[in-house]
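One structure below.
Chain naming follows the written order as A, B, C and D, and within any one chain the residues start at number 1.
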Amino acid sequence: MSIHIQVQTDDFNVGNEHNTLCSNNKSDGAVVTFTGLVREFSSGDNVIALELEHYPGMTEQLLKSIAEQAQTRWQLARICIIHRVGYLALGEQIVFVGVTSRHRQAAFEGAQFIMDYLKNHATFWKKEHFKDSSNWVEFKQSDKQALGKWT
Amino acid sequence: MSIHIQVQTDDFNVGNEHNTLCSNNKSDGAVVTFTGLVREFSSGDNVIALELEHYPGMTEQLLKSIAEQAQTRWQLARICIIHRVGYLALGEQIVFVGVTSRHRQAAFEGAQFIMDYLKNHATFWKKEHFKDSSNWVEFKQSDKQALGKWT
Amino acid sequence: MAVGNAINPNDAISSAGKVELLFFGQLKERLKCSKLSLEITQPLSISELKLRLVSQYPHWQPWLEERELLAALNQTMSSSDEIVKAGDELAFFPPVTGG
Amino acid sequence: MAVGNAINPNDAISSAGKVELLFFGQLKERLKCSKLSLEITQPLSISELKLRLVSQYPHWQPWLEERELLAALNQTMSSSDEIVKAGDELAFFPPVTGG
């Protein structure tokens, strides 16, 4: 079992991360990935960029703890979580979660669980930049509700 | 909305498919992919390869129909389904499902729905090759049960 | 899963003609046959057509009477009482195992 | 989510010393402060420490009394009655919005 956690300003390459999850992995037939990108979140407004900050040290520990919880619930041999911080323009990648498993359902559920917990617990804060203004993103109740299915 | 369906003997590149799902896509902040690989399925036995055949024409139509059903249930702007046929060695990629959505949950559920329906309805047949023998894979009841959550 | 007809059945002036039969997966291997043209003189149900095949190839009986065998008429999953006409494409196969 | 202590609090011979305060996100912007060393003379609860901060920086009051404000003591999410000692790291921040 392996867990790879990375918080970074640099972009990541989904193809490379996928290859790493699959290589020298004799037993897992299922790989599920989630990638989050900067999009026009707020209806009507035009987001041109996001700015992400985090709590260095605590974030990495929280992500590791979320991944470990996922591994106690599902048979997930490999987990990779990459989250970017800093200034991210429209279209850029924000977050990657990739998991491998022997079983399709476990891979889907494990990846979804990690994203749901990350959204609710990982110490990141997001600011939306518009053409002439910016504002901090509010916590979404729908993210809290998403946790309901795992309890 | 776009649907890309491909049944092919050639390998696919997950990174490239991911790029295609994301490029010129202004509105979708969530991308979920599933990749299935040739692994040691049967406990104890050593699968060295799979052989996949399909019903040309019918398969592509079924996959398109599954993708269309997913798009009526979830807001999935782009769907890509690639399934390989022919002789596939241990470790090779078999199937790729990638979807994009505005919403994380929709992307996860849409991709999982497509895989569950593909497993139950798409006209592929799989033969496992061992060192000295081979046999056709039996239909798995667990795949039928997986459909339960979508009805 | 409903799928539109891929092959338009002839609006048969005569109802006699050929049905194109296809076999896949384990069934194909057991029958040692992947396709077959069957001459019919009038429309008949899929189960009647199976009986015709069994009378013509008696050693196929155990495989064609397999309880889990599926049939697709003109590339649409079909039940055994559906009617096959000249010009149709009819496929038989075991439960699918892709993905 | 339980996380082990990242910083070992000193086994204080004297209980006086510094608490390292950190502020993140919108709170950091509103306070115009990302970190602060606070001298304490004895252990006190997180809510008592907040009162100390408000008495020292009265204009911080509305932000520090924000109902949804979260606190992490030595990088572990903590409730307001937990005790802060010299050498501890204490962070305040709004609900998280990553991913």
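Note that a residue touches a chain if its C-beta (ideal position, glycine included) is under 8 Å from a C-beta of that chain, and two chains touch if they have at least 3 such contacts.
Just so we're clear, the structure is a prediction, and the values are computed from it rather than from any experiment.
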For the chains other than chain B, what are the connected groups under the touch definition?
A, D | C
Per Cα centroids, the chain farthest from chain B
D
Chain centre separation in whole Å, for chain D relative to chain A (CA means):
27
Using the average of all C-alpha atoms in each chain as its centre, how far is it in Å between chain B and chain D?
49
Go ahead and note the Å separation of the Cα centroids belonging to chain A and chain B.
23
Can you list the chain B residues in contact with two or more other chains?
36, 104, 115, 119
In chain D, residues with contacts to at least two other chains
99
Which of the residues in chain B come into contact with chain C in the complex?
36, 52-55, 57-58, 61-62, 65-66, 69, 83, 94-95, 115, 117-126, 136-140
Help me check something: in the complex, which residues belonging to chain C touch chain B?
1-4, 6, 22, 24-26, 29, 68, 72, 75, 91, 93-99
Considering only the defined contacts, which chain A positions touch chain B in the complex?
13-16, 18-19, 22, 26-41, 90-91, 102, 104-105, 107-108, 111-112, 115, 119, 146
